[in-house]
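First chain written, first letter: the chains are A, B, C, D, E and F, and each begins at residue 1.
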Amino acid sequence: MFKKIATRLKDWFPAQEVHAHCDGPCGVYDPASARITAEAVLSMTKKILALEVPASGDTAAMVAYNNTLSRYIAIKEEQAQKTKDDLLILWTDYFKPVHLEKYPDLHDTFWKAAKLCSACKVEVSQQHAEELMAAVEKIHNMFWATKDRNVAWYKAS
Amino acid sequence: MFKKIATRLKDWFPAQEVHAHCDGPCGVYDPASARITAEAVLSMTKKILALEVPASGDTAAMVAYNNTLSRYIAIKEEQAQKTKDDLLILWTDYFKPVHLEKYPDLHDTFWKAAKLCSACKVEVSQQHAEELMAAVEKIHNMFWATKDRNVAWYKAS
Amino acid sequence: MFKKIATRLKDWFPAQEVHAHCDGPCGVYDPASARITAEAVLSMTKKILALEVPASGDTAAMVAYNNTLSRYIAIKEEQAQKTKDDLLILWTDYFKPVHLEKYPDLHDTFWKAAKLCSACKVEVSQQHAEELMAAVEKIHNMFWATKDRNVAWYKAS
Amino acid sequence: MFKKIATRLKDWFPAQEVHAHCDGPCGVYDPASARITAEAVLSMTKKILALEVPASGDTAAMVAYNNTLSRYIAIKEEQAQKTKDDLLILWTDYFKPVHLEKYPDLHDTFWKAAKLCSACKVEVSQQHAEELMAAVEKIHNMFWATKDRNVAWYKAS
Amino acid sequence: MFKKIATRLKDWFPAQEVHAHCDGPCGVYDPASARITAEAVLSMTKKILALEVPASGDTAAMVAYNNTLSRYIAIKEEQAQKTKDDLLILWTDYFKPVHLEKYPDLHDTFWKAAKLCSACKVEVSQQHAEELMAAVEKIHNMFWATKDRNVAWYKAS
Amino acid sequence: MFKKIATRLKDWFPAQEVHAHCDGPCGVYDPASARITAEAVLSMTKKILALEVPASGDTAAMVAYNNTLSRYIAIKEEQAQKTKDDLLILWTDYFKPVHLEKYPDLHDTFWKAAKLCSACKVEVSQQHAEELMAAVEKIHNMFWATKDRNVAWYKAS
């Protein structure tokens, strides 16, 4: 088993053995970044769905409504993108071939989570925003398990 | 007391009473963002200080050293800036005049913390990076106290 | 008095005395950056309020209207954020404890100005955009007074 | 002729002769970047024009429509800006006075192309988006001609 | 077979069937973006390795050398990040479960390519930069094969 | 003369006559943005040239020196890029064909100024940084002349 991993490592990162750098910010990975922005995606999605359209004659209210709706959509977009970026940093930089041995669904987990980020941008879907939160929680658990640490999952909102 | 706060609120935000918006992403503030990036600042600072200069004749090692040093400095810069940005979002958007009544040193706390972020960019100082971590922890405690929540302080690294 | 300042400086920046760096770009602070972007916030706010909603049957005009409204809101958002960033750079990097002695309302001035930037994002309020311009002008005067220079306040628009 | 060029070069870049650097990423200029983003501008423009407004009573459909419209406008804005940036890098960094001798309309070509990028942001105009594609194709041909290479023009969409 | 794909699709994207959006910029994916930036990574890597250290007494040459080296490293970092971003957009937004059926090594291909981007940042390795180019070429071929189009692979440099 | 301008306008912007938009933020152009960042380029260039290399045995001083040098180069790079961006916004969005009639060297002025921005990145040249300041001052004068306003040129540093 160890031999198999070692062979894969050699196959993948031939020059890595000699000068074994890990990426610059290693040691400070934390899925909490992705959790915070995923919460913002869910919050914005709910707020968009709850916004009440003003009566058609009220111009001032209509301008305020459009400003708020436009900003909420833009914030949802930005926060979903940040969630995607932070998750993919974990996938590409933190997780190594040894983890893949232990979590054979590693790639699928991240692929689905990343696709959920895109879905939350494209749609205004509370269901997908909640599925994204669940995906981040799953990754939180996987991540801390690889470090043998028990970090409690909590939400800021 | 209530009257005093109300007067200050009127004084500061005369039009705010009528259309009481809060900022777009409200409800999902979390000092954990600033904590993660401040940890990266401390980590990079330590790694810069621990980097060994290669022997002067070894060109390949010198190029690798310069690449690593240059990247560590750039990552420290970026993470210190993100810490500053995230702290200032709390100061300008989350904290309200009512909190200032309760925490008279609110402004000074954030001013010093922001100045520490700049100091961590300008210098390679482990002492200042640790003081920044302490400042973020103080803000973490202040923040969750205003929400009457008990969120444990932990470090990812 | 000098002693009091010196004590505060020591209290705040214990290591600063030895290697007295100021931040990288020092010497080129200028509130004109914040003034230009605050003008853009005011300009966009006025334009949004002046936009005429096309007749309901005119699809082409409606698309053009939505494109313009959406862009104006996004530009207002971006320029308000830049104003906030530029003002906070002055507060955190230019202004020092000695200035606080001279301007005891320094913190409040910047807190209110930063909160006005956020208000100009959240709302479409000409009143708040004009208050932001006034806040920037106040900071312009404070800033140049600390340098004993008389720089005229002007507007580009 | 050579002398004239040499004189202009000396006039413009007096210190350039001694330490003849070109800009950092030289050697990897390719108008394909601008072509891809210009295609996205055209695609978004068409999609905006093709979006069907839902029936006025259908709130869920209206929210989805607003989300999509808002995102399409933002993507069009971003891609037009990237097109402009990439074209201007060619104009300011790749093209040299010797090219101006050969293409006397170099400046006008880029000025018009850059103005078309802005027009594609300000308007929802399929005509201008197609003119932008034509402008990028013209620049593609000019660019590869200066390198004596025959690179086929193609579209991704 | 079709049934298996359909079941996977339902399993993954339960709500997707009803409102089948694809992501905003669809239709204009092109691996040429990643190819251009990967070429820049290779070019910068070669230039860094070829830079000659000036004689130790020549201060002006040393300053020029440091400026050039620092910029080359920063450009390499930026271009490797852009390559990574562009590749991951293909992986998360363009490639769908149907493609995974056809290319079972899809995930591994992108994981390795993304890890090569990080390796090109962490190291100054011509071998890894060339492997990154090969990985991008492999993805170029996979991508255009899914579209049944024959787009020639070329390099700008 | 008027006819000639009108013909050129028609030639260039055939569709522009009908729906005469100007770009979003119009009315708030001000070359002061470019002046502030160009000052920062000059300031950083001078500081880089004035930095003293510490004695070879002093490791702590060497780390501080490398941190400062690396940051100064990065700030110079960023500020030169911002100067370029701000100048090119004036060229592509503010200046119109009517101005070209009045200032036949409009294109050359901006081309040289943009090339100076790149030169200030590539080199550590006080001469080029000062030429950039002169180019910005020339543009300042041209710009305000087109508005028939007399705005004083000043420097923040």
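Here is the rule we use: contacts are C-beta pairs under 8 Å (C-beta built on N, C-alpha and C of every residue); 3 or more make two chains touch, one makes a residue touch a chain.
These numbers were taken from a predicted model, which means no experiment stands behind them.
Think of each touching pair as a link: the shortest run of links from chain C to chain E has 2 of them.
Its C-alpha atoms superposed on chain F, chain A is turned by 180 degrees; the angle is given in steps of 5. Computed from the mean C-alpha positions, the centre of chain D lies at a distance of 20 Å from the centre of chain F.
Counting partners per residue, chain E has 19, 21, 24, 64, 68, 70-71, 74, 121-123 as the residues that reach two or more other chains.
According to the touch criterion at the top of this document, the contacting chain pairs are A-B, A-C, A-D, A-E, B-C, B-E, B-F, C-D, C-F, D-E, D-F, E-F. Residues 12-16, 19, 21-24, 84, 88, 91-93, 107-108, 111-112, 114-115, 117-119, 121-123, 125, 127-128 of chain A are the ones that touch chain E when the two sit in their complex.
Those residues of chain F that touch chain B in the shared complex are 59, 62-64, 66-68, 70-71, 74. Those residues of chain C whose C-beta lies close enough to touch chain A in the complex are 48-49, 53, 69-70, 73-74, 77, 121-124. Those residues of chain D whose C-beta lies close enough to touch chain E in the complex are 19, 21, 24-25, 27-30, 32-33, 36, 39-40, 43-44, 64, 68, 71-72, 75, 79, 151-152, 154, 156-157.
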